[in-house]
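Each chain carries a letter (A, B and C) given by its place in the written order, and its residues are counted from 1.
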Amino acid sequence: MPEEFKLRLRNISPKKHICVSQQFTSEYLFELFALAKEMEENSHLYSEVLKNKIICLLFYEPSTRTRLSFESAANRLGAKCLVSENASQFSSAIKGEIIEDTIEMVNHYADFVVVRHVEDDVAYKILNSTKIPYINAGTGKTQHPTQSLLDVYTIYQNFQRLDNLKICLCGDLLRGRTVDSLVYLLSKFKNNKFYFVSPENSRIKSDLKDHLHEWQKINNLDFVESDNLINVLPDIDILYITRIQKERFENPEEYELAKGKFILNLQNVSLMKNESIILHPLPRVDEIAKEVDNDPRAKYFQQARNGVYIRMALLKILNDNTDL
Amino acid sequence: MPEEFKLRLRNISPKKHICVSQQFTSEYLFELFALAKEMEENSHLYSEVLKNKIICLLFYEPSTRTRLSFESAANRLGAKCLVSENASQFSSAIKGEIIEDTIEMVNHYADFVVVRHVEDDVAYKILNSTKIPYINAGTGKTQHPTQSLLDVYTIYQNFQRLDNLKICLCGDLLRGRTVDSLVYLLSKFKNNKFYFVSPENSRIKSDLKDHLHEWQKINNLDFVESDNLINVLPDIDILYITRIQKERFENPEEYELAKGKFILNLQNVSLMKNESIILHPLPRVDEIAKEVDNDPRAKYFQQARNGVYIRMALLKILNDNTDL
Amino acid sequence: MPEEFKLRLRNISPKKHICVSQQFTSEYLFELFALAKEMEENSHLYSEVLKNKIICLLFYEPSTRTRLSFESAANRLGAKCLVSENASQFSSAIKGEIIEDTIEMVNHYADFVVVRHVEDDVAYKILNSTKIPYINAGTGKTQHPTQSLLDVYTIYQNFQRLDNLKICLCGDLLRGRTVDSLVYLLSKFKNNKFYFVSPENSRIKSDLKDHLHEWQKINNLDFVESDNLINVLPDIDILYITRIQKERFENPEEYELAKGKFILNLQNVSLMKNESIILHPLPRVDEIAKEVDNDPRAKYFQQARNGVYIRMALLKILNDNTDL
């Protein structure tokens, strides 16, 4: 995608469309967090906020958490959902329809459109054809902005701040998208330090690295890359661990070697600070042992829970701004 | 299907079930159009018309537009939807259940049943087992009657008449179903002329041709078959273009030859009359160049939009007549 | 599954979770039946019982009847549904997520969770992670407890009793699950006699046989195994026939031999008592000829109908007990 398109996506108001995590300002975040908290505490007050509104969810990639939490959020606000659980096989996509035409159609069927898509740059195409608020629910290997919102909300709940944090991001940093969205967002705040821990062949993308270099001075941020998780555990406030995607490795032995280094069990959790937290976008496979679930630092199920309230708040803000 | 079964389908009241487009009378159409227009203008007045009603949608073939527009229509009227997005693989059909048994079940679960099915003659089987209003959302290669309703509604919006029209139907006329439903319907009106433009091996079905010969005198209709789109463009009021289905051609070179003749771009659109219109049931692949979308004659997205209001009106009429 | 786990499942209150059919007491059944009847007669009084409640349906195996009847029941009570029609392929399961993690998530998204799963012992895993009422909609080859509820309800409607009955269970008794759930339930009542009719290689499971031996004296029950359907037809009150699953047979000739013996047509129905009834969990393939549908003894479509009211009643009872 040309640089000017990326810039355009970053400059769209998150009260209009949700495309990339760079859109979110501190002001927006704190308004969203306050609303999410209020909605969790007094959900019954919001059960008709989206009455008679229709939300279309088009998922071109498998999903459970993201889709169901959007649907749960929509239902709690009184909206109705039009769902394509597997749009790549059972929709017109299989007949060769381009996404722009699909969106032209959805403009007339729904009041909001939520899309997960396999293409990295699809957000720009969608934005060019949508006349209703669009929410990016995951684009290829590039972004998953609503995930980053619930990630930072969970961080904020635990630290009451989004600056002066030491965050380790661990896993397949080359092929995932949640890490990118989270780092783009946290780099907006002062004095954060990022530890990128991954197998040698799964380092962060060059785009993200360029971004970090650009913001290094502006926000006094720091970052290191490593393939050793154990060494960083004692230092960090937040461990954000993701799946190592076996299918991406060409050499199975290399996968086995890599994987072994990034498995979190109670033994290595004990190296972490008491007040630190463990996050995971889920689903996990075996990178966090089940025994860790009961450790007070494990916050990944709280993250999943937060997803519903964050998405409720996000939908309400979009709805409040549709007529502006 | 034996002739007497076909006759039975054609004679069913469209206020009871929607099976084939021959069911629709002028009187029905104009009542439907008026209601669709009213619903578009005052949709908030109709948000509880189907309150506590349940609509079951069974799709045995992929669909986006038809299914989602039915769901959108149902939701706008306050109904709930039971959906099988891919009934051929994830329903009892895979265990060998016949459609009649599926319908016997749906009788008890829902108040309306909408079915898209791969079989040409399935409407008759469904009609024999349904106790609730049935809507045909596409049967094999034969019919797609609700598509023809939104097609003629769009024509009516633009010409304020359904007679004295020159309509070119272009594409794979042998394997599609939307053209058949539309032509069966328009042949009910006086002085229409049809131009069937297709590759040599994809001419209209013999059933449709027999029908046209039968009605030629009654309604003073006329029709020609051709494989040259350019020649007819200056003459026509309506260009109804459909996909050439690549997978149907045995010889890829023949496909390429055929395809080239039926691609609509701004250059050949300029041959059309100013007041003419371009329709397409969608999805399109490449038979209409994207550049045509902004031409004022392009009405295919308006068609998609009309689908929601036509289906709302259709559901309301069926509902109003369930107790008769 | 260890014996102590099975015992635990059997001892859970059916007002909290629905795991296995052994949970249901006479008292529970008669309360459920009364409520189901009341809901059928006065359904409009119950349209807001589950207002603002969310039901999550996760189907890891194909289903039509069970899923749609749960959705129909939920909608009639005013609840919203989150649906995964094909969770094994389009959910996080495909990324390797374990069911316990999926349920941890659903705890935060919904108020009830309904699961059909391919694993025999999954109910225990789910029960260990759910914080909301769980309903088993089918587990591998072992149980389908809500099916057994609508089965016994249909029996009760026809005989006004659940004891002193002669029941023939016919089909593939080794690989099905509906027969197990029904027999576990009916063996709780006095003086029932079971006739298990199946191909030699598809006899009832050893678990069920052990259970029958255990309860033989307690409730004066009796049972026989046979491969001859015709001989038992004159004796029985209830014929519960199920699919012979062709794909399970190693030798196609053996299948053909087996199958022929268990096809019900009007000729062998005529051997049955006038007041007897024919049940089938559906879908059927060819084990009941269509000509039998109009025989007054055929109650399998009534069964399907009863499923909606039984599931409505079951959801209401669970809901009434969530705060206890």
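Some notes on this structure:
We adopt the following convention: a residue touches a chain if its C-beta (ideal position, glycine included) is under 8 Å from a C-beta of that chain, and two chains touch if they have at least 3 such contacts.
Just so it is clear, the structure is predicted and the values come from calculations on it, not from any experiment.
Two copies of one sequence, chain A and chain B, touch each other mainly through non-matching residues, since under half of the numbers at the interface are common to both. The rotation that brings the Cα trace of chain B onto that of chain C spans 120°, given to the nearest 5.
Averaging Cα coordinates per chain places chain A and chain B 41 Å apart. Of all residues in chain B, those touching 2 or more other chains are 83, 85-86, listed in ascending order. Across the complex, chain A is touched by residues 52, 54, 56, 80, 82-87, 89-97, 100-102, 104-106, 108-110 of chain C. On chain C, the positions that touch chain B within their shared complex are 44, 47, 59, 62-65, 68-69, 71-72, 75-76, 83, 85-86, 243, 282-285, 290, 301, 304-305, 307-308.
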